[in-house]
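Quick one: structure below, then a few questions.
We just call them A, B, C and D in the order they show up, numbering each chain from 1.
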Amino acid sequence: MFAISEDSIDTSECRRMMSDHAAGGFCVFEGWVRNVNEGRTVDRLEYEAYEPLAVKEGEKVLAEARQRFPHLKATCVHRTGLLDLGDCAVWVGVAAPHRDEAFRACRYIIDEIKIRLPIWKKEHYTGGDSDWVNCERCATVGRHTGAGN
Amino acid sequence: MFAISEDSIDTSECRRMMSDHAAGGFCVFEGWVRNVNEGRTVDRLEYEAYEPLAVKEGEKVLAEARQRFPHLKATCVHRTGLLDLGDCAVWVGVAAPHRDEAFRACRYIIDEIKIRLPIWKKEHYTGGDSDWVNCERCATVGRHTGAGN
Amino acid sequence: MKSITVRYFALFRENAGVSEESLQLDVETALDVFEQTRDRHGSNEPLGHCKVAVNDEMADWSTKVADGDSVLLFPPVAGG
Amino acid sequence: MKSITVRYFALFRENAGVSEESLQLDVETALDVFEQTRDRHGSNEPLGHCKVAVNDEMADWSTKVADGDSVLLFPPVAGG
């Protein structure tokens, strides 16, 4: 299940929904708002999504993961609106029979979510200015070297 | 921090302790008690640890991860005692500046925890018999193909 | 000329000052819409960094547009 | 002969019926202890699958043991 949420993500509830007695491995990735990006001090973030297509494309990514790694349970929730430092911007959870699929599917999902969904991020910096993050570059780099978060 | 716990792992509390405004990526792995292993129906599991050396070796694994991937916050808690289906047997959490280190460090930690720490697992099967799991084989296989959980 | 509803998102919306407008455009493809509205969305991004949807379906820049279609112009995404 | 405290864990403890015992053994290394207590711990595991600690430090099978040492015999581990 893929969802967009205007409210803060209840990670405990997300985890509870993944419970599965056939699963031996559970992998979670969370993207957190951090206090610095490319050398600038960040106070908070703003996410905008075009929900109809973000949900459609998000569900497609989850379906691809399930096809690659059978017997998965996979969920992703992405925040929109204003987020403070430390807030969870995205939650990806994968429960699988074994850990290898859990890790690989979770990584696949977050990598695709970051570059395919119509979601945009605006950084608000200390001092009052702000900027839309052009993540085309960081996403491409991130897939190979881990830049971007 | 590495810990052995006789009580059920409070995953929400584990997560809270990882909070870090310099971290943009947070990866968790949980090992869950599943209902089947190598074709046999499992009712519950029993973990035994030799705590002094398990803690020492666990801290060593975490230190190795921090050395490989700088600026990590990494924690692992391992259960002992009787566990029911769905219970969390091990929790590994890694907060890092970016997602790549978070995923890789988390994977490193769980892979090493499984094969290096003096911890043993006894499976209790439907029907009443039980067996110590010889995980030397599944751990070796697991590192390459994902068998074991 | 075709009547096209153009929708702008994020940076493009801020540049255009509106989130949506109906324009009469002489266009064949989604790419034509992007280029003929360049003074509106203000993008000088490489096209490969932006995305486009036609009538709420992700599309290619070569996708044909018809009279009455809505074209959604997406600046570089940054999920996660 | 050396006085060695041998500690058995998990399967080895169940086989031995005790978790710890003091034995007089004619041994040089941790491996000697493992082999001379084979009728106690009952293991026919390849040695590479088992682990050993001497005086609460992880050790190698070639680690020398002295009079009064404690040797901990670990069957194949299965954490996680």
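To be clear about the criterion, contacts are C-beta pairs under 8 Å (C-beta built on N, C-alpha and C of every residue); 3 or more make two chains touch, one makes a residue touch a chain.
Keep in mind that what you see is a predicted model, and the values were worked out from it rather than measured.
The greatest centre-to-centre distance from chain B, using averaged C-alpha positions, is reached by C. Taking the mean of the C-alpha atoms as each chain's centre, chain C and chain D sit 72 Å apart.
If you average the CA atoms of chain B and of chain C, the two centres end up 48 Å from each other. Distance between chain B and chain D, defined via averaged C-alpha coordinates, is recorded as 26 Å.
Shared interface positions of chain C, defined as residues touching 2 or more other chains, are 80.
Multi-chain contact residues of chain A (touching two or more other chains): 31, 99, 110, 148-149.
Contact between chains, using the touch rule, shows up for A-B, A-C, B-D. The residues of chain B lying in touch with chain D in their complex are 31, 48, 50, 52-54, 56-57, 78, 89-90, 110, 113-122, 132-136, 138-139, 148-149. Interface residues of chain D, counted against chain B in their complex, comprise 9-11, 14, 45, 48-49, 51, 53, 56, 58, 72, 74-80. Of all residues in chain A, only 11-12, 15, 19-36, 85-86, 95, 97-103, 106-107, 110, 142, 145-149 touch chain B in the complex they form.
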